[in-house]
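Residue numbering begins at 1 within each chain, and the chains themselves are lettered A, B and C in the order written.
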């Protein structure tokens, strides 16, 4: 379970998160929507300890993420993360991309790591690209590689940061299909997304961020079809 | 009595010593220059402002004082301090440091070319800082530096000619001695030039080739 | 450790001579740079020309200058030409070698700078009604100059530092003067420390001046 309690985060004078409370239970899919600059992505970075926080607490399975005694590298193994830009490792083949972290972080043998990587890559539909270099692939394929790369660490949680925003429109579908696949596997996921229809379809819970606060949260039906707050209505009318 | 003696086959061994010495000191300078350059280049790319200022200052001196002056100064200095060194040793030290000064920039730009987002992605997989350096930053950074590394290496081979000034018997110095003995300057010099050219030109073509391959 | 007693007086007494040497150093560097630039323009044009012979001749010059030591070229000018009865002074030998090298290196710089300007820039200029000359004068050359400015500065610094090879043929540049002065006074260390400092200062001053000029000249975005 991921527990986010009153989290504050500032960049210099700019307060990006002004007290966020959010619980994500095992097996839940939570989508975070909201305008650019509302702090959605920053929250993901804070959960993964890539960014420090200025107040509050984030617990992952009871472990305080920002406690200085917490082994951040250990923690990140439990939190798979996929970014807006896929960040493939250009010097490694598709298979090596996904097999690297299991080898060097978990200390698996090359064979075992490649076996796991092959399984995950096949799962996301890249089974026929194992020995190609990622720079030769489309953005959609590279993004699926990034997902498989994270999955190869066998994390109980996955964080998705606007994973379709940098893609050409015709490539969005294949990546969303991959996310649906993960939902069907029972993966716990937090998705920061601009795809409202997708959020409605896959989420157990939707949180609408506005200026560093959760303005409205609930089931997709509550938040997306029957919003109570004026700002949520305005935002939805703009994006739908 | 004839003051000058024409060059003969006996001189081939003499010239060959020069050739080998040139290759020898170049390889040593490139080897140590590369290792030191890699370490300091990393320090410059990842280090804070103070590290950068200190390093930059020292490297700047190595790059802004003529190599020949550095060689004379160093060998005179250690001599005056009572620790005279063989020309080969003194030459190797200075040529390695000189090479290092240029290699640092080569490697620094290599490390700077690794996108921060890629390093972040590696960290998000649970890789530690040093694992990320070892498996991501070095392999990605080093790919892009090969052409400029070759460039620096080639200029080291050429600059190694200057170590003759402190008495190291490299190719150009053996040639100069043969010239003053035999007075057959053109023939000897053409041979020497050909030697440098035949080493340097193919390597420079190879450097250009991989550079083209990369930008495509 | 033996104690070495530094004696600086003799160096200060000789300072005017050192300054004279520094002037010669600058003199030969500037001149070889200017002539080298002219040579480089012709070499770059020659290499890009359709004529096979021109292109080949330019390539030979360029590759020879880039793939042989500068000291070799100085010896070539000093000893090599001497064998044909052409006796160049130390100054002219160093000057000729530096021109040869500067020409070769700058030719490649110029060619690279020229080829880095996208052809669309030229077409865009022509589409605005500029003629060929205007397009080069206002669009192509200014952009090209920005890209080659920095490498040209580096080449100039290189010329200053490499002119120190004059010491090996008895030229009266900064290093040659230093050599002459130390051999008559035996204060080798002092003289070469001062010479090193002077080269450093000259190199820094040139860089600083180049920086000032670039700030004045390049007003827009540096690409």
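One rule holds for everything that comes next: a contact is a pair of C-beta atoms (placed from the backbone, for glycine too) under 8 Å apart; a residue touches a chain by one contact, two chains touch by 3 or more.
Since we're looking at a predicted model, the values are computed, not measured.
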| item | value |
| --- | --- |
| Chain separated most widely from chain B, comparing mean CA positions | A |
| Chain nearest the global centroid, as defined over all protein CA atoms shown | B |
| Gap in Å, rounded to a whole number, between the CA centres of chain B and chain A | 47 |
| For chain B paired with chain C, centre-to-centre distance based on mean C-alpha positions, whole Å | 20 |
| Centre-of-Cα separation between chain C and chain A, whole angstrom | 55 |
| Residue numbers of chain C (touch at least two other chains) | none |
| Of all residues in chain B, those that touch chain C in their complex | 61, 64-70, 72-73, 76-77, 80-82, 154, 158-159, 161-162, 164-165, 172, 175-176, 179, 183-186, 189, 192-193, 196-197, 200-201, 204 |
| Touch list for chain B against partner chain A, complex | 115, 117-118, 120-128, 131, 134-136, 139-140, 143 |
| Contact footprint of chain B on chain C as seen in their complex | 1-2, 4, 63-64, 66-72, 75-76, 79-80, 82-84, 157, 161-162, 164-165, 167-168, 175, 178, 188-189, 192-193, 195-196, 199-200, 203-204 |
| Touching residues on chain A, where the partner in the complex is chain B | 48, 50, 73-77, 79-81, 83, 85, 87, 89-92, 100-101, 104-105, 146, 149-150, 153 |
